[in-house]
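Next, two complexes with chain A in common: one pairs it with chain B, the other with chain C.
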Partner chain A sequence: MSEANRKALLEVDGLRTYFRSEGEIARAVDGVSYTILEGETLGVVGESGCGKSVTSLSIMRLIPDPPGWIEAGEIRFRGRNLVACSEQEMRQIRGNEIAMIFQEPMTALNPVFTVGSQIIEAVREHQGLDPDAARARAIEMLELVGIPIPEARVDEYPHQLSGGMRQRVMIAMAMSCDPDLLIADEPTTALDVTVQAQILDLIAELQERTGMSVLLITHDLAVVAENAHHVAVMYAGKVVEYAPVEELFARPRHPYTIGLFRSLPDLAKPGERLATIPGIVPSAFAFPSGCRYRTRCPIARDECAAAEPPLAALDQDGVHTVACHLLEEAAKL
Partner chain B sequence: MTEPRATDQAAGGDAGGYSKDYWDQVFEQLGKRTLFKVALAILAVLYASAIYAPLIANDRPFVLEAINYKEYGQAHRTLYPVTLGLNSLAKKSPEEYLEDRTEGSTQTFDEALSAELAAASGRVELMLSYLPEEAEGRAVLAEYMTKVEAGIAAARARDTETATATMKEVKDVAKRIRAELAPPDLDDPEAEGLELIGQKSYPLWESVSAWEIFFMVLWALVLLWPLWNRAWNALLLRGDRARIRRHRRLKWALVLGLSLLAAGGWKATIDGSLNFAAAPYKAALTSGEIVATRAVFPPVTFGFAETSSGEFFRPPTWSDKAEIDDEGYYVRGPRVPEPDVITGILPDPAPVEVRHGEPDRNAKWRRPLGTDSLGRDFLVRALWGGRISLSVGILSAAILLVIGTVVGAIAGYFGGWVDFLLSRFIELLLCFPVFFLILLVVSVVPPDFVPPIFLIVVVIGLIRWTGVARLARGEFLKLRESEFVIASEALGLSPARTIFRHILPNAMGPVLVSGAFSVAAGILTESGLSFLGFGVNEPIPSWGALVNESRNPEHWWVILFPGLLIFVTVSCYNLVGEALRDAVDPRLKD
Partner chain C sequence: MSATTSTAEEPLIRLTGLKKYFPVEKGVFRRHVGDVKAVDDVSFQVGRQETLSLVGESGCGKTTAGRSLLRLIEPTAGEALYCAEPGAAPIDLFELSTKDMRRRRRDLQIIFQDPFASLNPRMSVSHIVGEALRVHGIARGDELDGRVADLLQRVGLRAEARNRFPHEFSGGQRQRIGIARALALGPKFIVCDEAVSALDVSIQAQIINLLKDLQEEYHLSYLFIAHDLSVVKYLSDRIAVMYLGRIVESGTTHDIFERASHPYTRALLSSVPRPEPGRKRDRIVLQGDVPSPISPPSGCHFRTRCPVAEERCSEVYPTHVRLSATHSAACHLIESETTQA
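Here is the complex of A and B:
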C-alpha cells in the first residue's frame, strides 16, 4: 500500500477535554487535531502534563466524569463520531476495535486473577467463545507475544511475572480481539532499556502481521524515530507540529521541537552539558495568551502574545504542519 | 493431558513443583499461621457442639427397648369406656344421633362412627404391640376388632338392629379384655401379672428435624474434609493439579448435595421436630412405669428444659460447695438452707432427685457447670445456647455484609451524586442507636407473629451494614483509579463486571475482616438483648440469656461460663478475620 491511498482510521478534530478542580477549569486538552492512517503508527511526543494521555483516554471515552468531560471536538473512528456514541456502543468498541496498553504493567493487571483468566475474559466478552476455546486463544496469544511455556504461564498471577513479561501479557490481552487501533500509552517507560526494545519490536511485528494502526504515546524521541510513521508534537494541550517522521527529524520547524532535539545527548560531544529548555510547562488552569510556548521561546516577540498561531501547512501537499508565527526566525535556530 | 503437565512441572520447578493458583496460595498462607489454626479449631469445635447438641445432651434416649406399663395400662383402662361409646352410638339411628349430638357440632353420623372406630383400633393395636406372639390375649383382641368392624359396618348400612346386637357381643368381649389383659400392679411387686414384651422406639431421633440433619451431615463432611479430600486427590485424581483445581467446585457441590439429600431423606421418613417439653422417659424409667430392657442415652442425660426441684442454683459439682448429704441437704456453699430470721424455722429442702441414667447425687461430673434457678443443667444449656448465639452472629453478619458491600461498591464506583446520596443515607443510619431500635421493634411486633430472635437478626443486618459499606466505598474509591480497573474498562467490560469481578476481590480484604468483627458484634448484641430479657423465648437458651439467670455474685458459675464462651468465640472470630485479611491479598506474597 502506498502512502497516498492510505485511508484515515482515526481523526481527532479540535478535541477539548477539560477538568474541573476546586471551582477552576483545567484545559488539559485544548483543541487537539491529528489523524492516524490505516496500518500506520502515529507517535505523540511531549512533556509530562501536555495532554498526551488525556487525548488517548478521550478517544476511549474513559475520562472520569466527574471531574472531567469532553467539551468540544470530534473523534471520528472509521467516520463514526465516538464523542456522540452511547456508553453501550463504546463498550462494543473498547477492546474489540480500539485496545489500549498502559504505562505501568505492574498495576495494569488485576492482581487477584491469573493472567490467563484476564485474557479469557476479554475474548469471551467480545467474541463469545466457549471457555475451552477462549483458553486456547489465551495460550495462543501468550505464545504470539513471545512468552515461553504459555501453557504454564496462563495459570500464573501477575506478581509471578517480571515487568517485561507483564507488558507482554498486557499486549496479548489488548491484541486478543484483533483491534484495528492499538493505543500504547508510554508502553516502555517502566521497563529496562533492553526490554524496551523487545516490546517495541513486538508491537511493530504485530502491526506488520495484522495491519492495525498504533497510537504510540511517549516522551522519548528515539522511540518515535524508530517506530512511528507520523509524529505529533504536543505542548500545553495543543499539537504544535505534525509531520512524517523523516521530515520532522530532518527539518524540525517549531521552536519547541527544535528545543526538544537540542536537549538530546550528543554522542559525538562527550562531557558537554545537555541543553535544556528554560522555564516550566504553563499550568493548564492559566495558559499564557497567544502562543503558549512564548514564555519559554528564545525568539518570542510581542506579536506572539497577541494571537494564537494556527496549525498551518508549510507546503502545498500539507504533510508538514506547524503552529508558529515566526517560522523564518525559527528556521535559523 | 500428560503433555502440559510435564511442561507445567518444568516451568514451576523452583517455585515448589507446580504453578499455584489463588486458592492454593491463600491456603498456604493460612497454614503458616498457628494462631489462626487454633482459633479455627476452637470455632469448629464450638459449632460442632452447637450443631450436635441434641446428640450430646438430651433427656431422650437414642434407642429405647421397653415396656411402657403406663401406656399399656392407659390403653387397657380406656378400652371399655370407648366400647360403651360405640355401643350407644350403634343403637341410634342417624336421625337420633343428629338430634342428640353436642350443640354446634358438625360431625355427621358416619364421621362419628369412624372416630369411634379409630379410638378403639388404636388402643387395640397398642395393646397388641406389647403382647407376646403366643399370648392368648391376642385372639381375644382379634375377636374384639372383628366384631367392632362388623357392628360399625352394620351401623353404616343403617341396619340398627344388627348393629345393636353385634355391639352387645362386643361389650362382652371388652369385659373379658378388661379382666384378662390387665397389666401387673406396679405398686405391688409381688403380684403376678400379665407377661408383656418390650417395644423398640427412637425418641431422640424423633425430636431431630430435617434442618438439623442437614447441618449435622454438612458439618461432618466439612470437619472430615482434610481426610476425604486427600483420599480423593490421591486416588481419583492421582495428584494432577489441573484436575484438582477443576474438581474444587464439584467437591463443594457434593458436600452441599449430600447434606440436602440426607435432609430430604429425613423429611420423607422420620421428619422429627424439636420438642421443647422435658421428656417423660427418665422419670418413668425411674418410677418403673417404663421397664426397659435397653435404653441408650446420649453422653449427657439432661435435657435443656429439664428442671430438677432439689438442685436450684447448684454450684458445679467438682467444687466442694456442691456436696449434699443423704437427706438431701447441702453440706456447704450457697445452697445450705438458713433458718428464717424471725421464726427460726429451717426450711425443708427438697431432696435431690436422681433419675434414670444420671450420675450419682454427689458425683463430680453430675453438674460440671452447675445449674440455674430452675435446676436446669448449665452445661446442657450452654451447649444448646450456642445454637442461637452462633447462628445469630453468622446470619446477621451475612445480611449486613451483602447489603454493605453492594451499597459501598455502588457509592465508591460511580462516585458523584450517587456517592453523595448514599453517603448521606449511611450517615443518617449511623444516627440510629441499634440497641434501642431493636428493643423498640421487638416490643412492637408480637412474638407469636415473628419470633424476637429473627427480628434481632434482621434489624442488626439491616442497620449495621454501614461500617462495611464505608469500608467497601473507601476501597472502591481507591481501586477505581487504579490502572487495572481502567484497563478492564478499556477492554469494554460492563460496569457490573468491573465492579464485581475486578474491584470486589481486591476490596474483599478489609470487608472480610469487618465481616468477622460483625459476627462477633452480632453475638454480643444478641447476648446483651437476651441479658435484658428481649431475646429468646423460655425455655430456649442462648449464651446471653444464660448470663441473665442470676446477678448474685455467689452464683459465679452463671456469669463465668457463658461469659467465657462469648469471649472465646468473639476473640476467635477476630483472629480468623485478621488472618483472612492477610491471606486473601495476593500482593502480600513473596
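Here is the complex of A and C:
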C-alpha cells in the first residue's frame, strides 16, 4: 500500500471459513484477502451469499462452531493474529477494539432490557466503570449519536424507538468503548433513505472525530461510492477486485464489477435496456472450477476453467488489484 | 406516455379520494378511540400502457393504496373508475359486489415484494401459475399444461420448472414465477408492490427488463410501488410522492427528478446516494422520523420535519398547487417560491 503514512490496521490474509451441512462443505469464504487502513473506510460489496458477512463474523471470531470453522488464513489486527487468539483474548478485543453493528437493530438489541442498561453493561464489562459513571457514559453516548432527550431515552426499551433510533442506539453501544475498528454490516439496509442518510453521516462524523477505521459491508454500490475510501468487490467467497473508490468507479476492470455497474438503473438512460448478468450466483457447495465467475462471464474462455486467477496488481504501486485471466479483453468490455 | 393528460381519452384507472382508515380500539369492549389514516384522500390516474410509481418511506401508505385499489383490503371511501377499453363506460371497482370484483380481477393483478412469502411452498409451480386459469374456468387438462409452459417460458424459466416446488428456485426465479402467475389471466393492469426490492442488483436488472418487455408486448399498465428511487426513475412515466397517507407531489418522471417542488420530495431525492464517488453532496438531511399516522401533525403533515415550515403550515392542510399541466404539489410555500424564481 503506497497510501501516504497510513498504516494497515487490519489485514485479512487468505481467509477460508467453511461450514458443514448434511455432510457437505460450503466454502462460504474461500481465500479472502483485504486490508483496512487506519482511519479509513473499506467498503465490501457483493451480492447475497458472496461471503462478505461471513468474513466480518470471522474477524470477530463469531462463526458458530459447529457447523462453521476457520479453515485457513490469518486475520492480523495491529499485527496480532486474531485467528490464533483464545476466546478469553477475543473477549477483550470485541467491543473494546473492534465493535460491530448489524442490519436489523431490533434483533440485535435485547427487548427486555432498557437501551441504557445495554450500554451500561458494555462499559462496565469492558472499562470497569462504576454504576453511576457507566450511566453517565451511556447518556453521553446517546447524546453523541444524536438521540434527542438522552437522559429520558436511556430508560426506554428498544420497542419504544423507531428503526433509525434503534440503529443509533446500536452505534452508541458500539462506540461506547471507543473501538479502533467499527464493522458495519448492512447498517442501513432496513432503513428508509432519509434515515439512511442520517446514519451514514453519523458514522462518517464519528470517524472524523475518533479516527477509527470502518468496515462497511453493503450490497449497495451507491452507498459505497459515497462512504468508502477503498472498495473490495466479492464474488463467490473471493475478492475479485480491490481499489481506491474513485479508481474502482472510474476504471472497473473485473468483468463482474463491470457487469454490476452496468446493471445499475442509476447509470442507465431512461428507455435504454439495463445490462444484466445472466444466470445466478453459484452455490457455495459447488463453485465452478477455475475462475468462479466464468459461468456468467461474457468473455470466459477455456483457460478460465483451468486455473483460479490470483488477485494481482495492475500497476507497480499495487493500489488496484484484480483477479482475472483476461484483463486485456475485460478492458474492452 | 402521458396519455392521461389529454382529456379526450378516459384513463385505464381513475382513482379519486381514496381513504383507508384502520380503527384503533381499546379495552375489552373494543371502544373506538381513533383511526390510523393509512391513506387519506389519495387520487391518481393510470393511463394505458403507462407506469405510475407511488414512492415514499415506510408507513406512508403506498402499499395500502395499491392493495385498496384492488380491494385486497376494503377501502373506507373513494371511487376507482376502471375503463377496460377506450370508449367503454367506466365502472367503479369499489361499487362491485365481491363476486363481480373477483371476475374483474382477471384484468387487475398484483406482484408482491417477497418471492419467498408469496408462493405457497406446498404447491407445485404449475399449480401456482395455473390456479387462476382453473378457477376462472379458462383452461384445463393438457391445454392448462400448455398455457403454464408458455407462461413460464415467457418469463424466462424452462417449461420443466412447472413440476418443481418454490423452494427449488432462487429469489429472482421465484419472482419470475410470481410474474407468470400475474400474467396468467391476461391482465391489463398490474400492481408491482416492491417487486424488485428484495433482489440483488444483477437479478434486479433482469426482472426490470422483463417487466418492461412484458409491458410492451401485452400493453400493460403498472402501478409500481417502491422506495428505491433509482429504479423508479428508470421505470416510470409518472410519479406520485406520498407522505403520511397523502400525495404531496405528482408529475412526470422529469417533473419530479428535474423540477421537484415539494420540500419533502427535494429532501427525499437529496438523500439518495449516487454511485459517483467524490460527488459534491448538497444533501437536505431531514430531522427526526416520520410522525405516527394515528395523530399526524395539524395542517401540513410534513411541517414537523420541513426545513422551511412557517406558522401557517400548522393551520390547514395545503391544497395541491398546479405547477404545469402534468405537475402539482401540496405545499403552502410553493407559490411564493416560484414567484421568487
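Definition applied: the second predicted complex is superposed on the first by the 324 of 333 C-alpha atoms of A that agree within 3 Å, B and C clash if a C-alpha of one lies under 4 Å from a C-alpha of the other, contacts with A are read in each partner's own complex, and residues count from 1 in each chain.
FYI, a contact is a pair of C-beta atoms (placed from the backbone, for glycine too) under 8 Å apart; a residue touches a chain by one contact, two chains touch by 3 or more.
Nothing here was measured: the structure is a model prediction, and the numbers come from that model.
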Superposed partners chain B and chain C on chain A - clash or fit: fit
Check the residue A:Ala222 against both partner chains and state whether it touches chain B (first), chain C (second), both, or neither. second
After the superposition on A, what does A:Ile25 contact: first (chain B), second (chain C), both or neither? neither
Inter-chain angle, chain B to chain C through the CA centre of chain A, in degrees rounded to a multiple of 10: 90
Between chain B (first) and chain C (second), which, if any, makes contact with A:Ala108: first, second, both or neither? first
With both complexes overlaid on chain A, does A:Ala286 touch chain B (first), chain C (second), both or neither? neither
First, second, both or neither for A:Ala313, with chain B first and chain C second: neither
Shortest CA-CA distance in Å separating chain B from chain C in the superposed model: 8
Residues of chain C touching chain A in their complex? 57-58, 170-173, 200-206, 208-209, 212, 227, 229-231, 233-235, 253, 267-268, 270-279, 281, 283, 285-286, 288-290
Show which residues of chain B lie in contact with chain A when the two form their complex. 4, 7-8, 10-12, 15, 19, 21-22, 25, 415-416, 481-484, 486-494, 497, 501-502, 505-506, 586-587, 589
Report the residues of chain A in contact with chain B in the complex, numbered from low to high. 57, 60, 62, 64, 66, 90-96, 99-100, 102-104, 107-114, 121-122, 125-126, 149, 151-153, 155-157, 159-160, 170, 173
Listed in rising order, chain A residues that touch chain C in their complex are 47-48, 148, 162-165, 192-198, 200-201, 219-223, 225-227, 245-246, 249, 259-261, 263-268, 270, 273-277, 280-281
